[in-house]
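Each chain carries a letter (A, B, C and D) given by its place in the written order, and its residues are counted from 1.
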Amino acid sequence: MVDNLNAWLDSALQTLLFIAGAPLLAGWIKRLKCHLQNRAAPSLFQPYRDLVKLFAKDVVLAEHASWLFRAAPYIVFGAMVLSAAVVPLVAVPLPASAIADVIVLAGFFALARFFQALAGMDIGTAFGGMGASREMTVASLAEPAMLMAVFTLTMTASTTNLSIAIRHILAAGLVLRPSFLFALLSLAMVTVAETGHIPVDNPATHLELTMLHEAMVLEYSARHLALMEWASMIKLMIYAVLISNIFLPWGIASRFTVAAITVGTLAVTAKLALLSVLLALWETVLAKMRLFRVPQFLGFAFLLALLGVLTHVILETAV
Amino acid sequence: MMPLDLVLWLPLAGVLLLALVPDHRIAGRINVAVAAATFAASVWLAWNVLRTGPEMSPGKLFYIDAFNVYLVALTAFVGMTTAVFSRPYMEHEVGRGRVGRQRMRLYHAMYQGFLFAMLLALTTNNMGVLWVAMEAATLTTVLLVSLYRTPESVEAAWKYFILCGVGIAQALFGTVLLYFAAERRLGAEHGDTLLWSVLHNHAAQLDPAVLAIAFVFLLVGYGTKVGLVPLHNWLPDAHSEGPTPMSAVLSGLLLNVALYALVRVKMLVDGSLHTQLAGHLMMGFGLVSFLVAGLFLHRQHDIKRMFSYSSIEHMGLMTFAFGIGGALATFAALLHMTVHSLTKSAIFVTVGHAAQIAGTQQIEHIRGLILTQPPVGWGLLAGTLAIAGFPPFGVFMSEFLVLNATMKSWPWLTVPLLLGLVIAFAGLLRHLQPMVYGIPPAGQVRVRANMLPVAVHLALVLWLGLSIPLFLSGWFEQATRLISGGLSL
Amino acid sequence: MHLSALNLYGQGILVSAALVLFTSFVMLAQTRIQPLIYAFAWQGALLSVTTALVALVSGHSHLYISALLTFGLKALLIPWMLYRMARRLHIQREVETVSHPSLIMLAGAVLVVFCYYVALPVAQLSTLVTRNTIAVSMATVLLGMLLMITRRAAVAQVIGFMSIENGLFFAAVASTYGMPMIVELGVAFDVLVAAVLFGIFFFQIRASIDSLDIDRLNRLSEKAE
Amino acid sequence: MMLAYAAVVAALLSGAVAMAADRFPPALRIGSFSLLGVSGAAALGAGILALLSDSRSRAQLPFGLPWLSWHLRLDPLSGLFMAMVGISVIAVSLYGPGYVREFERGVHTPHHAPSDGAPQPAVHHSLAALGLFTGLFVAGMLAVLLADDAFVFMIAWEIMSVSSYLLVVYQHHNSTSRQAAFIYLLLAHAGALVILLAFGVLAGSAGSFTFAAMRTAHLSPVWASVAFALALIGFGMKAGIVPLHVWLPEAHPAAPSHISALMSGVMIKVAIYGLIRFVFDLLGTPQWSWGLATLTIGTATALLAVLYAVQQNDFKRLLAYSSVENVGIIFMGLGLGMIFIATGHPTIGAVALLAALYHCLNHSVFKTLLFLGAGAVLYRTHERDLDRLGGLIRRMPHTALFMLIGCLAISGLPPLNGFVSEWLTLQAALQVSVLSSGVLRSIIPVAAALLALTTAIVTATFVKAYGVAFLGQARTRHVAHAREVSIGMRAAMALLALLCVALGVVPTLVIRLINPVTRNLLHLGPAGATVRGWLWLTPVSPHVASYSAPLVVAAMASTLLLAYVLLHLRRRATRRSQPWDCGFGGLNARMQYTSTAFSQPLRRVFAPVWRTEEQVSLPAGSADQASGMRHQLHITDWSWPALYQPVGHLVLVAARRVGRIQTGSIRVYLAYSFFTLLLLLWLIT
């Protein structure tokens, strides 16, 4: 009972860490990019400052913004927090991930997206609608790809419970799985698309016709905007953590000892840092692609994920 | 044999009486009265038979068994309701000046004459007299078909006359051969050997070869009157050009009686031949008629013509069912006879009113009936759904049984049957829906319509669809046993 | 049995049967209305003669009645009615063009053979002197139909119809020494009424399409518009 | 059982009462609909009792054929579906009285000119007909669920079809609904005959039409497959599987909205009931090939239908297509069930079947809700075209809220009910590794992937529908002045919305309720679905997968609350001003993204799926291009030209051919009978 309680406590803390860490990751990526594009880089903690500033401001609403517009940021943020809660960051077992498995995780993302898109359309500006439309298009391809990629894992571990699955892989030790290769690739592509990064979207731009994600939050200000931004940072972090902890789970703590936890924290930080370097490089070398090539990009991701599942079924399961 | 005499004499008296009454209004009333009296008598007769089993008249000239007694009742009933309908309808026609006073006399007299012929054909025990009655049925109706004297109606009447005449002539040849075969076996005590009862009792001894030939002639002969494709060509013309009450009784009664004759013959032939020849021939004709008529439905422009094709279709189905033989199919066919003639006559009544509302029989000019005159519109809709075999109407029950009988003995024939049903239904609905629904064009006027017969008929059909009353199913089962040679359900 | 084995009457019956068949062919060949009617009358007469002979041979008295009936009806009354009608409609001299008359003749001949072939089992069954006449009567019936099919004049069709009736009657007499009396009477009555109705129809048709060419009665059809 | 009778009788009575409505309109509003409500309540009660008591009660009525009286039976399976019918009917009975006022006023239809172009007065449709057929319709559906022999089943089935046809054609002043109704009745009749044939095959070997006899019948595998195929076609026709679905998006929107709700929400469920009854109950153990067929069809249906749905601009058509898509998902569940059962994994099969049943329940709730909502919009604005709506969230706040819940639910978003059933379906699909057949192991994951794709597009669809209709600014005057609908109509929607939430939050209780059904069909129950108490939903085993909706809701609520409180510690003013819109000024309604525009990217992506005729025309000499530009878009279903037109053409050609034989020349006719005679004579000798 006690360690059960411990476990819950741990998962709560882990979630907090997750939420708190998200801006840091964002800042780190931005910084790396600036260095790579040899621009003067903002501080690592710039995102925190932005958030604080936004929280402090007064809200400006469009005249005919409806209650939905105001409720959306909270719901989006809440959905992201919940998703963060079920993804093991530094330690398995994570009892919280029994509440909601990967499918529910995808569900949370969809929920957030649903409200974000609606919020975008609420004011009735052309950009809002455009952003919503494009976001839904991209998502309708990215979401299944992501699910498929994760299904590779869940079918390998024959469970959809993330922490159990990761523990299973951890226990299996180093096994080269062709299916994971495909899954990893597609998950990476999905991550780029879902978190609004080049080549699908450019988080830096407000160039009207190119933006996806930004277009939906155009009308937001102050705390609402802050919540939205933070939520998207958390989302990025979730994807990053998923990739790192599923495909190279080593170092993640499987017991609640201080040592183990510390190791886990260090490990995950290292992994994320490394991953962000890759992302930054990727963003620097590539250019944003035309919107109508995005579906092909994601279609490819979907295909890869499907290949992953199929190779798993065909090659890796004993008949 | 009191009721039987009444059943026959009443209409005969009606002929003479109506031939003398000059005023068509009074005549119409008398017509209704006589028909009603006949119906009462027929019910009495049916009741007797139900109580005391088959009856043979003293001269052995008439024989009432379970098979024909309910047809007698049915015929008298439809005759009555149609008479009720025909009174306002024909008055309207006279009002529109389509018919003169004189011809109304002819009309009423011949109406009763036709009923008499039908009842005679049903009740008689003598194959020869049966033939005479069938011929008489043609002769009485042929002048009514050309009642309006339009070129079309005359043409229709001529075709009706010639084709049915020739056809019926074949039937007579068949009858002669039947007599011949009988006489060879049963010796020549004259008169008796043509009695159906006698023939049926000695069917087994009759010579197969002769009966086969005889059956062919009788099939072609009576089949022409049943309206089997390709002998059907007179039917749509006669139905569409004659006055609507005539169409109602032709579809509702004449076809039935012709089929009745055919089945009687089949019973004899089956008794003699021990092959399924008769059955197979009937199945073939039935199926062909069923399918072809279904296709014809798609190309109709005249509302009465369309429904006459639907009659052909259903006659085909019944012939098919009788052809299958066996208890289930026969029961189904008998039931279908009943519900079809009730429904179809109801439909023709409604159609008559619809045509008067629109002032034409052209389908594309009949529109939005349920907005112009709701009772007629709904009546037409209900009737068509009923005839198309939608439950809870009785037609569904009989078609259900036919399908299952087929499924039992000829599984693969269910496919063409289903196709036929769907095609026919599509044909009906595509024409029906615009007539019933939509915005009525200018110039459609309400008419004095007596929808009582329709209501009664459809109510009966509905009742039969929900549950068959015991006495009726009792008749059907006896009849089934008679026809299918002792097989019972 | 061999022909010579029959008595004179029997041979007479066969002869008249042959003549009846012959008259059918005559009608088939005859394109003018008036002679057609005459031929029809002759057929009726021959029919009644045959009936009388059969009555003589078989000694069925009621056959005499039907012989008289036939004579009165089919040899006198109906032809006379038709004749009068033809006069009043001024068509008695009308000649109609029949396509391929020789072909039709041939068809008729084939029909006779066919009927013989069909009627064979029946004939073998019979013990009457008149057994092969069944084939003849069947042929008469079918020839009548052929006549109706090949002719466009309404009158010709009626005659065809009536000759079918003749064939039937002939069959009844020849194969079974006649039907029961009541049937005979009923049939005769029907035929009479039919003849009257035909008369009425001539005028109706004349009134509607002022011609008696039944090929012009083709308003009602299902042909694609 | 008594309750079930009561339900049917009440429905019939409500029809009978409505007969008076033409003279006395309140008869329909008050009498008929309250009786309908009673009927619904009774049905719901009967269903739930049957589920709880897990009992089978039989009865025979002295109707029908002398040797085949009507057999009735109420068991958990029919109970479950009866409950569904009950729920929807209750909602409709609340909703109807408000909605039918429109018909009392007589219908002016601004946008549908009558087919013949005649000047059109207000058409007064018969209220009596509306009420009567509604009653018959409901009674028919209930009777189908009660039937225990093929005869009653067919009768009830056809009554259901015909009455719904009469309701579809009810607004017959516009030709579109006449067309729709025609197609509908035709296909319905064809389907019914196919079903009849399927029963015939069973009865042939059973020797009787009672279901009891059919259960014991032993068919050869071939005949069993034939029966299955026939049943799949027949019931699928009604449920609207691709490509037999064409009638559905035509017919459902054409009916009055509360009827559309019943048809889409419940009637197609009755069809699915028929299939389940036929396959799982009467046919005995399924073969895996059947499962594969069902799964494939289901997947294709779901994906294609949703792709059509996302392109619709007519609110009700969109909903109808989404019904087809949901039927697809249900069929996937059934297919998986058959596969797992046939391959000897009944527990997993039970999960799949459970998922299908659960989805039936969910869909019946939220689709009814959505149609009622669309009806409410239609009622106030006389608009079905999304591109003419907009901004309704401010005009009709309550309706908007309920619709939002409906959209969330149908998009399968946690924690609402739609999500649960899709989650279960996916869970079942993920158990593929237990199968030995390589084919299945590789096909099922693909199906799962496509299901995921489908749900994603559904989300897009409903974002579009909701966003365009309820958010932004009003696009037409009608819409700008719309008012909230009557309390009754709102109550109906509120009820359903509440159910959506409830079914989503406590799935375990619902599953406990449904369990008897699967247990009876498969003679066992999903072992672990609720082993860990009401809090945890663990379909296969706690270790494999678990979902705790209550906790999710709790966590969500607490997070939201926390965030809100933290952010509102210090009271700060919120200022209203012009939207920024990247600095462009002068925002107006025509600048908004339309529904056509919204779905344009998807249209590009999946172009070959539709027959799109798109043209952008620019009239010459128009001063500014933007205003002169016209954009026309027609999107049609492939299955029309591919499947139906050829058949129709074939029939007509055949008819013309046959027509030739009837030349009108009497001599030809005589020749016919002549040669018939000769032929027959030649045949017999």
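Assume a contact is a pair of C-beta atoms (placed from the backbone, for glycine too) under 8 Å apart; a residue touches a chain by one contact, two chains touch by 3 or more.
Because the structure is predicted, anything quoted here is derived from the model rather than measured.
Trainee: Which chain, with its centre taken as the mean C-alpha position, is closest to the global C-alpha centre?
Mentor: Central chain is D.
Trainee: Subunit C to subunit D: how many Å between their CA centres?
Mentor: Centre separation, subunit C to subunit D: 70 Å.
Trainee: Please work out the Cα centroid separation of subunit A and subunit D, and write it as a whole number of Å.
Mentor: Those two chain centres are 36 Å apart.
Trainee: Can you work out the whole-Å distance between the CA centroids of subunit A and subunit B?
Mentor: For subunit A versus subunit B, the centre distance works out to 78 Å.
Trainee: Go ahead and note the Å separation of the Cα centroids belonging to subunit A and subunit C.
Mentor: The computed centroid separation for subunit A versus subunit C comes out at 101 Å.
Trainee: In subunit C, what residues contact two or more other chains?
Mentor: Within subunit C, residues 118, 121, 145, 148, 157, 214, 217-220, 222 contact more than one other chain.
Trainee: Quick check on subunit B: which residues sit in contact with 2+ other chains?
Mentor: In subunit B, the residues touching two or more other chains are 158-159, 162, 166, 170, 213, 296, 299.
Trainee: Identify every two-chain combination in which the chains touch.
Mentor: All chain pairs meeting the touch criterion are A-D, B-C, B-D, C-D.
Trainee: Where on subunit B is subunit D touching in the complex?
Mentor: 158-159, 162-163, 166-167, 170, 212-213, 216-217, 219-220, 224, 230-231, 233-234, 277, 281, 292, 295-296, 298-299, 367, 370-371, 374, 385, 388, 390-392, 396-397, 400-401, 403-404, 407-408, 411, 414, 418, 421-423, 425-427, 429-430, 433-434, 437-439, 441-442, 465-468, 470, 473, 477, 489
Trainee: Within their complex, state which residues of subunit D touch subunit C.
Mentor: Touching subunit C from subunit D are residues 656, 658-667, 670-671, 673-674, 677-678, 681-682, 685.
Trainee: Would you mind writing out the residues of subunit C in touch with subunit D in their complex?
Mentor: 114, 117-118, 120-121, 142, 145-146, 148-152, 157, 214-215, 217-224
Trainee: Per the contact definition, I'd like the list of subunit D residues that touch subunit B in the complex.
Mentor: 62-67, 114-116, 118, 120, 123, 126, 151, 154-155, 158-159, 162, 169, 172-173, 175, 178, 181-182, 185-186, 189-190, 193-194, 196-197, 200-201, 203-204, 209, 651-652, 654-656, 658-659, 661-662, 666, 669-670, 672-673, 676-677, 680-681, 684-685
Trainee: Which subunit B residues qualify as touching subunit C in the complex?
Mentor: Touch list, subunit B to subunit C: 61, 126, 128-129, 131-132, 135-136, 139, 142-143, 146, 149-152, 154-159, 161-162, 165-166, 169-170, 172-173, 176-177, 179-181, 183-184, 188, 190-191, 194, 207, 209-210, 213, 236-237, 240-241, 296, 299.
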